[in-house]
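After the structure tokens below, expect a handful of questions from me.
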Amino acid sequence: MHQGSSGFVPLDVPPSMHSMYCANMDLITKKTGRLMLFAGDQKIEHLNDDFFGVGISPDDADPEHLFRIAARGRIGVFAAQMGLIARYGADYPDVPYLVKINGKSHLIRTEQHDPVSTSWCSVDDVACFARDSGLLVAAVGYTVYPGSIHEAVMLREAACMVRDAHRHGLVSVLWVYPRGHAIGDEKDPHLIAGAAGVAACLGSDFVKVNSPKRAGISGGVFLDEAVRAAGRTKVICAGGSATDPLEFLTDLHRQIHEGGCAGNATGRNIHQKPLAEAIRMCNAIAAVTYDDATPGEAYLIYTRGGTSG
Amino acid sequence: MHQGSSGFVPLDVPPSMHSMYCANMDLITKKTGRLMLFAGDQKIEHLNDDFFGVGISPDDADPEHLFRIAARGRIGVFAAQMGLIARYGADYPDVPYLVKINGKSHLIRTEQHDPVSTSWCSVDDVACFARDSGLLVAAVGYTVYPGSIHEAVMLREAACMVRDAHRHGLVSVLWVYPRGHAIGDEKDPHLIAGAAGVAACLGSDFVKVNSPKRAGISGGVFLDEAVRAAGRTKVICAGGSATDPLEFLTDLHRQIHEGGCAGNATGRNIHQKPLAEAIRMCNAIAAVTYDDATPGEAYLIYTRGGTSG
Amino acid sequence: MHQGSSGFVPLDVPPSMHSMYCANMDLITKKTGRLMLFAGDQKIEHLNDDFFGVGISPDDADPEHLFRIAARGRIGVFAAQMGLIARYGADYPDVPYLVKINGKSHLIRTEQHDPVSTSWCSVDDVACFARDSGLLVAAVGYTVYPGSIHEAVMLREAACMVRDAHRHGLVSVLWVYPRGHAIGDEKDPHLIAGAAGVAACLGSDFVKVNSPKRAGISGGVFLDEAVRAAGRTKVICAGGSATDPLEFLTDLHRQIHEGGCAGNATGRNIHQKPLAEAIRMCNAIAAVTYDDATPGEAYLIYTRGGTSG
Amino acid sequence: MHQGSSGFVPLDVPPSMHSMYCANMDLITKKTGRLMLFAGDQKIEHLNDDFFGVGISPDDADPEHLFRIAARGRIGVFAAQMGLIARYGADYPDVPYLVKINGKSHLIRTEQHDPVSTSWCSVDDVACFARDSGLLVAAVGYTVYPGSIHEAVMLREAACMVRDAHRHGLVSVLWVYPRGHAIGDEKDPHLIAGAAGVAACLGSDFVKVNSPKRAGISGGVFLDEAVRAAGRTKVICAGGSATDPLEFLTDLHRQIHEGGCAGNATGRNIHQKPLAEAIRMCNAIAAVTYDDATPGEAYLIYTRGGTSG
Amino acid sequence: MHQGSSGFVPLDVPPSMHSMYCANMDLITKKTGRLMLFAGDQKIEHLNDDFFGVGISPDDADPEHLFRIAARGRIGVFAAQMGLIARYGADYPDVPYLVKINGKSHLIRTEQHDPVSTSWCSVDDVACFARDSGLLVAAVGYTVYPGSIHEAVMLREAACMVRDAHRHGLVSVLWVYPRGHAIGDEKDPHLIAGAAGVAACLGSDFVKVNSPKRAGISGGVFLDEAVRAAGRTKVICAGGSATDPLEFLTDLHRQIHEGGCAGNATGRNIHQKPLAEAIRMCNAIAAVTYDDATPGEAYLIYTRGGTSG
């Protein structure tokens, strides 16, 4: 049972952009109202920690790995920085792209300073790039850290990004992570519901939140408050910290069917695998997201290949 | 006995916008000079604390609850962020809206850092949104924290918002709360009178102040200094912390008739109730605000339904 | 013996604005080269402390009191924020106005943080307001706090204000108060002379400085260094802390005739009095300022009414 | 065996600038895909420490020394500030220039404050200068310090510089040095790989990183992770701290042939030598970079003169 | 033997401005390549300390003293703030002016906070003022404090000022003083050479540095490193702290003939004298600067009047 989305257009999309907005939404949700976001923005967020080291496929050392997966796996949208997309996009013209417009390194730990991440470009720059390059840029994204002493600058830029995205007929995705000295438990379900509500106030189409936990236990049910708080802003979630594929797919299924999530944003659980396996993992996640596949069905896709689509 | 307002136009409203300004003022004051503001901006200010938990109706978990109340209850204006309005406004086209242009979370406590809240959009953005969406955007709002080490940026933005609101024929409402390490008693009547005077200097049409208390006791009479200090800027006030509806309505009546307030801004005392009850509470508040109903008359509306209008 | 001013036009007034600049200067100096500035900007600077309390006339609780005085008393110019002027100006169209473009509250004490006050609007905004409203906006004003760690932003804005004022044919007045952790004695005559020189460097027409004191004693003679340091920028001064009207008028006379001041900026000593008395006080001050009245002659005006004009 | 580059054009170069971009890339890489960058930007970065003192040729005391070398030695591009280029360029019109658009002194040590370096001009200013002067401005450069508490402003400016460079058909070079209180070992190969990845996310054509070391030992092999992490952004590197020319050339050869580097950025090892020797050193470095000369062959060029080109 | 300058035009002067740039350079250097700058900017930098007190002529208490000297003494250019020039320039139309575009008070000591001085106006504002006023505005100036934690903002503004000055055909002068907690000995010759190199990187025509000292001893020879580091940016220097006129003139002669300086910037040693003596001092300094007069010849001019010109 899918959450209906096709046809819904927020009022800050001007009439002349309605069809483009709907086309972009349909492209990345495959007309299901759900979103499978393949996250490639960690090259700045985590530097090379996610791409090189023990337990990581050597394939992942080269950023082109991300584009190969995005082009050959079944995904909704591939999120990366505009600069990186500009260097590979010509060879991967059929990938639907989300341009992540802010980013920071993880070198300064939260204990040292409250986080701040500001935009690298405007949505106008993105729209200009999309037009000139001919790429399928369907969405833009931004990370907000509520509770940081710098939240004011990020709330302002996020509001601006959503408004400008809609003005250009693009879909908006906000990553909202409460973080900073003022924050106790970043995974508290009630706090995460608050984060989801922030995205609703900012008018975003989608919000990515951390997977909530209570007493160290995560579960789809803990997402329910957030999904309700987000209202017409759809919640997507990471698949938890599980690295076992079956567990991961099971968590994801619960997030969608128990927690009411509208999809997922997955990075490491895909790109740290060798190319063929990473593609099968994409296809498995997409099957859960877009086709209501069971964890078992999806796991078969992961292990044996093929898609449910 | 109403405070006259119809026809008064501040000089920073350009002549070409006089009729629009008056129409907006009449719309939200119902030509009484008073204002019943239904506050929906806490989703960012208090995250999900005001919308989910013990003693809060499950209806309130979904932001659409706010729009349902605003559409079916008798209100002057419904205050929310532009992003949220953009996602629901098409289904609630008859609600008079106030776009709150700044906002912050409550995650950083005043003891940790002085508050700062900066604008998410300009009034030009709001005017553009109003025109494109066709919604009844009648007013804009902004919160200032005098006494914060960041007051300079907020005073500047507030002055700009009032000026731009008037330039576009919109009504302006300022929330003025002295807050920060330099502030002793936030509820001191003399300090609150100062806050009201700040709004007068900024040229606002309305100012929302905290309900003043002396020695822990609130009362309409403590508002008198503020109402006088505000001059031609009209003071609206929260209904105190009372959660008992009759007490709340009695406080409100005193604020207006003893304290000289021009209305109220009410959020939790409305939206934390189930829909039908919330609507009746709106109607009761509106009766006190707009029709000079007695607390008893208003309470009957709350308990039995109907309106005095 | 008046200090000549009529006809002097600084070179940053463009030729097309010469006649307007001279008209504004003549209006507020009554062609004497001196200025009696009635200060109404404390509603933000001192919140309600100057307007409500023991020893203050109840008339002063309402900001309209200021406009009533300005309209009926003999003054050079009435200084207030643009927002406040916008709400009352239509009823007081004959008052010559000075728009104070920055302001801050006094809630943060100097011991807590160095002061910063930034502009609420540009001089272009003021010029636009003057044109649209038809009011007699003859001057603009700005406060600088040299010695504050934030002095750079204020020096920049002050220089900009003077330049833009002259570009629009408006008279400029700077309030220059050395203040902050780096400052020892704010009333030191040599420091105040430095402050006056700052205004000269900024190109202002008038500078308001604190009344200098040495060893706790004030006197016109202590102003001499400042008046010389200011050069062609004219110094105006508060009338000291004396609240006895005769003493006040005597101080003022000395400031002008011993110290070489070109006038005064007076607020509390006028508006804390009941309307009729406040008007007589204005007239008394104006007599000293504009007509070279003796303190005794002026005091008679204060006590018996009438003007020397 | 050269890394192919000719013909590759990132998608943020607009079609009308393709030929100019390729011409600039060919000019500075001599169509080899490699870059020999002669660095003259230390006059601000290290003040006069690199130009005057024991072991430094007196020739180096005069900034014209840099231009003489750039004009007569075989280099790819000469990096300096636009102001300096403006004073000498007319006499050295055939040098290919890279305008370094940010810079800071080394007076504040990292232990005192995290570094911040902001741009002195925009790429539009550079393009305007190039057009008006007729100089061969082929590239622009910027330094980023990830891990500094100021990284946000530098990431934003760097992204903007790369985008604007490509919009103007210019080649972009980023210097990316993790630095600040949060950074442990600046030379850690894994951290440097992260830095290279940052440049890839920013979309730069080239990234200059520090020569990585492990346990105090440097070596071409430690560059491998960085070169892979950078993907289609080419890595250039300093020649290590060796000041013995043969060692320096051997290191450089290893960086290219073992580490996969696409060239080098060399300053002190060239300009601290007397003019004739400095020119021969350029030629030797160029031989390794562009002609795959062995260290021995290159050393002969350094000692005996001539070029391999 | 003069340093040739006539005819040299940096490449950031657009061709249409070549003749104006050369005319301005010739005007202030009297076609000698040297500059005698009469500094009047201390009214903000030192407040009234340099203008009033023991050992200072009473003439100096009035800022018009500076203009009288500039008009009647032989100088290259008179440096002051635009606001001050605007108030006196009409009466002193033949003085060549340098508009100093930034400035700060000395109230905050370096031990308290690192210095920051930001621009009061843009070079476009200066060009506009020059055109409208008809004054001989030939140059602009800016002070940079390398080593301050605020150096980034000043380096950026300085680079912008030089570029814009040249775009308008104006001569640029930078004051470069390393200052702040990170700086040990502000007078160290090697550090001052670094400061001179900073100005070269910024592309300035002239740089004013402090007179270098080693072990408390100053001397022309200590300037040599700075003069070489500055390259085609010409170094001017204060005449040391000597207040004995013959010593001052001897120091100046050595700075030029031993140190290779291109002139001087002198304030207090001129304007603290009575008018006639100050004029003779100007003429004496000008004789050394422009006419290669010996200290003895110049001293005669100072004592007996006349000029060598």
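As written, the chain order gives the labels A, B, C, D and E, with residue 1 at the start of each chain.
FYI, contacts are C-beta pairs under 8 Å (C-beta built on N, C-alpha and C of every residue); 3 or more make two chains touch, one makes a residue touch a chain.
In this text the structure is predicted, and so the values were computed from the model without any measurement.
**Student:** What is the graph distance from subunit C to subunit D, where chains are linked when they touch?
**Tutor:** Minimal hop count between subunit C and subunit D: 2.
**Student:** Taking each chain's centre as the mean position of its Cα atoms, how many Å separate subunit A from subunit B?
**Tutor:** The separation of the two C-alpha centroids amounts to 36 Å.
**Student:** How many angstrom lie between the CA centroids of subunit B and subunit D, rounded to a whole number?
**Tutor:** The answer is 58 Å.
**Student:** Quick check: what residues of subunit E touch more than one other chain, meaning two or more?
**Tutor:** Residues of subunit E touching two or more partner chains: there are none.
**Student:** If each protein chain is taken as a node and each touching pair as an edge, is the resulting graph a line, ring, star, complete or other?
**Tutor:** Its topology is that of a ring.
**Student:** Under that contact definition the chains make a ring. Starting at subunit B and heading to subunit C next, list them in order.
**Tutor:** B, C, E, D, A
**Student:** Flag every residue of subunit E that touches subunit D in the complex, lowest number first.
**Tutor:** Against subunit D, subunit E makes touches at 10-12, 14-15, 146-147, 149, 151-153, 155-156, 159-160, 162-163, 166, 178, 180-183, 190-191, 193-195, 197-198, 200-204, 225, 228-229, 231-233.
**Student:** Residue numbers of subunit E touching subunit C in their complex, please.
**Tutor:** Against subunit C, subunit E makes touches at 41, 43-44, 47-49, 51-53, 61-64, 80-90, 103-105, 107-109, 112-113, 116-121, 125, 129, 132-133, 135.
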